[in-house]
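Chain IDs A, B, C and D follow the sequence of writing; residue 1 opens each chain.
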Amino acid sequence: MAVPVRACALIGRFSDPRVGECVCALLPHLKARGVQVLVIEGSELPPPGLDGVVPVPEGEIGQRAGLVIAVGGDGTLLYGARLVARHGVPLLGINRGRLGFLTDILPQDMLGAVDAALDGKLESEQRTLLRATVHAGAASGDPARRTIEALALNDVVLQKAATGRMLDFDVHVNGRYVNTHAGDGIVIATATGSTAYALSCGGPIVEPHLDVVVMAPICPHTLSDRPVVVSARSHVEVRLIERYETSAQVVCDGVVVGDLQPNDLLEVKAAEERITLLHPPGHDYYRLLRSKLQWGRGGRDLSR
Amino acid sequence: MAVPVRACALIGRFSDPRVGECVCALLPHLKARGVQVLVIEGSELPPPGLDGVVPVPEGEIGQRAGLVIAVGGDGTLLYGARLVARHGVPLLGINRGRLGFLTDILPQDMLGAVDAALDGKLESEQRTLLRATVHAGAASGDPARRTIEALALNDVVLQKAATGRMLDFDVHVNGRYVNTHAGDGIVIATATGSTAYALSCGGPIVEPHLDVVVMAPICPHTLSDRPVVVSARSHVEVRLIERYETSAQVVCDGVVVGDLQPNDLLEVKAAEERITLLHPPGHDYYRLLRSKLQWGRGGRDLSR
Amino acid sequence: MAVPVRACALIGRFSDPRVGECVCALLPHLKARGVQVLVIEGSELPPPGLDGVVPVPEGEIGQRAGLVIAVGGDGTLLYGARLVARHGVPLLGINRGRLGFLTDILPQDMLGAVDAALDGKLESEQRTLLRATVHAGAASGDPARRTIEALALNDVVLQKAATGRMLDFDVHVNGRYVNTHAGDGIVIATATGSTAYALSCGGPIVEPHLDVVVMAPICPHTLSDRPVVVSARSHVEVRLIERYETSAQVVCDGVVVGDLQPNDLLEVKAAEERITLLHPPGHDYYRLLRSKLQWGRGGRDLSR
Amino acid sequence: MAVPVRACALIGRFSDPRVGECVCALLPHLKARGVQVLVIEGSELPPPGLDGVVPVPEGEIGQRAGLVIAVGGDGTLLYGARLVARHGVPLLGINRGRLGFLTDILPQDMLGAVDAALDGKLESEQRTLLRATVHAGAASGDPARRTIEALALNDVVLQKAATGRMLDFDVHVNGRYVNTHAGDGIVIATATGSTAYALSCGGPIVEPHLDVVVMAPICPHTLSDRPVVVSARSHVEVRLIERYETSAQVVCDGVVVGDLQPNDLLEVKAAEERITLLHPPGHDYYRLLRSKLQWGRGGRDLSR
């Protein structure tokens, strides 16, 4: 962050009034500081609209912005992370109303945080990304084709699709057979994603700086089939087992990226790229956790 | 409630300032209505103290009171339930600050609720009690002695004691062998108690009027050892298996009632007695659940 | 079963060799007893094929058979249950290799069990069925159309579909608002179905004769969103909340029966019809549970 | 293991016939190889008893043995680990009948494994130990006294004791406040211990070489209070909150090491000492997991 930021991208669902309100306050502030504001082509900004704002194609945000400000929920920041993953551009997340795990700046603290970000005074934190690759036909003996390649900051998920039928699939880690799972699928989550879908599946909370991955089965058929924590340097392979009406899809950070067929191989490993998140000074992960999970608040609420 | 209530017992930890405050408002109100106020012998009331209040031995509350008002948390009402179980006296629960599952009247609604209770205008609800009996030496062939007999509105718990060693024990239901459990113990809960300890052990929430019992193993060693719901008309038997340094205790509604030895039999079944709880009109169990479990409030809080 | 059984339907995936083997032994046995054997039109029997066997349309099995023998896994018996639900025909389940929860007769005990069934000497047990009805547009103010009506012996499931996006939906029980769930869906299971999908979702095991229903959220977003047990006489209503890319389907006993749109109402209640299962004398539910869940076998397997 | 092993300690409950049998086979084998056999003073060996065996005080095993062979269950190896922690002596675990997580050599493979161990041909693996220290009165302002200091290979546990009352306690990690827990206690487990008590408490399985610690609350009162994975380099502090009838004990690897009072501080961090486990070549952690958790075996056992 030694180089001054000349261009900053604003992303979010600008049609959401609370997002729009934040944007209306951010635009003049950024302009007053002489920072060029980029938005994704096709974005409809609240009045006065695109006046003084530069629309750029989605694929160029990573090259042209020195900072990405995501306004909205964690989903917006996850989207921003995919845009900048290959470019090392830092991300700042502003939530519209209450704290998110990733969008941890409240609207009231927004202008100060943006100033600090532009001045290089925020804490920056590296987060691991996963790369999911589907090698179609890899298990059939034919030459495999790479049909899907996608990055995820939270998680790569294999889940049952159209037919709603339970899946059977094998998991290997670093070439070693782990287990054959029967169930709704599996969540392969980074430490960042441990508080997302994986947590709903019974996975643990993982401190975000730890270089580990959680593999959490989704509604597994076998009751002793439990989440497993492995090194983020692991090479995870998932293969679907052919079964009547099997239909499975691969989802990265909540976005369906394609199907997995019984002869395909889904490979998941840490990406070479990493994401840089900016946090306000004094950022406290556990305070965020307590706030999000309502720890303490409900207190001694059962009849014990 | 057709017979007018002439005497009403007040129970609670009167030394707790929030409880004392409620009692100070209740006393003159009850006297003004010509209702005699009973407290348990030895209670220290806030000023003006016992003036006009009749201390009675703990064991006589059930006979002499026509209504028991429990002021405090659910634990206070559980205590009151044991006092009146054999006497059919209704219970009204006033919480000091926020809702409890059992003490579901807030201080601000207290006087109106007491009036309605005295006038027989509250909804009354019957709740099942469990009776726990320990037959010492029952499994040894010698004549068994009944060493423990206690009632529980929430739950009868077998748990590891002094040595902190895991327990091994068998459970039979209606004479049929269910399972041999290894772990920290088992919670045998009424529908009422399903939102107490059993819920912490992974048991389900059970609508309070259902005549079922939840048997929830505590931290079981076998991962497929899961809570089982049986009829409240069942006869549950638990026998400890002799093991190095085994030490187990029986707990009813949070109070240790005695030990269980390897040759003893712990028998749990529905008591003939039932408890009558009074609720304000329009009482809504699900609203209480939502409030206690913070459903909806935290909303979409994970990063999905 | 006082009336002698004249016609018996055989159902199953006859192309599965283990199923075929059972069928090859059953056919001459049934013929020798003078019982007419029905199969569903289009079934391909193993050699000698349909010789002496009467193919009937799927929809007529319930009227023409006095007994249905399901050979295969529990899925085959669930299919049979739908065929006979309206006709009170008893079902006998033969598993191809090991015990199922519903197909609880092993091949080696098959002929004796069939004889006993034909002689009316088996224990018969009534099981509750759920009826799922989708009233399309019920929430829009327009006149609703009944678009789906289906029965389920195990469970009615609302689950996320094509887009893989989490669902938001409201549940009411007997007209009372219970909760707004965010997650992958909900399983509404009979006691019979408590050991199926609901168990994978953290629901309790319920003794099969209990007249209760388990509502188990699937991977809920809110961690305190837990399974709830209600009376099987309850009237459960589920309404989807409109959300970006929402796509939901209704599944009965593992078969997708249709979609649920944001303005639709999914209504689930106990059907008037019930299912009659036949069991060998001395049938022991807990022995079955121990066998299926491997209770006891793994024993003290953790490092404690 | 370059230096030849001259003395080898045998530990176990020799009165267990299956252990005794292994020992009877091991003794002549070790003598034939010229290895001195040490046992703990007071051990009663099966006939021919102590002939040619050297009893040494428990506290000297670590100095005098070049190898410790633990015969029995994982508990025996945990005990051996405490004996040698300060001395770097490798441990070999022989189970009496079936595989343990730590005692992963079966009796039939025992002699070959011992030969390989003596020849330095086994795979050796370093495992992290935790050090638990209780600083009595640390929170009272008075000078604290160190009242407990103990090592654990699996876990340090704070649990409710004599009164059976739920505990309230605070946890800090590296000086940062994490949460106030209400419940039966907390398990602080190494990766090794993740498949022990922590797993019964809903913690994840952690690959044993990962340098992390799992903090798993025991039956927490707040349903969103979930296991947290932190770096094994963390400094964990636990403080009990004063409460009516609070009684808490500290347990290391299943052995009660003392009490924790409300003014005390329980400090847990990685020990400088590490444990060396010996494994047969081709040792496969996931094969062990599958065997212990019966993965795959029960297969598709629910009625789905």
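Criterion: a residue touches a chain if its C-beta (ideal position, glycine included) is under 8 Å from a C-beta of that chain, and two chains touch if they have at least 3 such contacts.
In this text the structure is predicted, and so the values were computed from the model without any measurement.
Homomeric contact subunit A/subunit C: same residue numbering on both sides for over half of the interface positions.
Interface comparison, C-D versus A-D: the higher count of C-beta contacts falls to A-D. Which listed pair repeats A-B comes down to matching contact pairs by residue number; over half match for C-D among B-D, B-C or C-D.
Of all chains, C has its CA centroid at the greatest distance from the CA centroid of subunit D. Rounded to whole angstrom units, the spacing between the C-alpha centres of subunit A and subunit D is 37.
For the pair subunit A and subunit C, the distance between mean C-alpha positions equals 38 Å. With centres set at the average Cα position, the gap from subunit C to subunit D is 45 Å.
Residues of subunit D found to touch two or more other chains are 197, 199-200, 221, 223-224, 226, 254, 293-294, 298, 300-302, 304. Contacts from subunit A toward subunit B in the complex involve residues 73-75, 78, 100-102, 154, 192-193, 195-197, 199-200, 223-224, 226, 254, 292-294, 297-298, 300-304.
Interface residues of subunit A, counted against subunit C in their complex, comprise 157, 159, 161-165, 183-184, 197, 199-201, 218-221, 223-224, 249, 251, 254, 256, 293, 298.
Residues 166, 168, 173, 176-180, 182, 194, 199, 202-207, 209-210, 212, 214, 221-222, 224-231, 284, 286, 289-290, 293-296, 298-302, 304 of subunit D touch subunit A in their complex.
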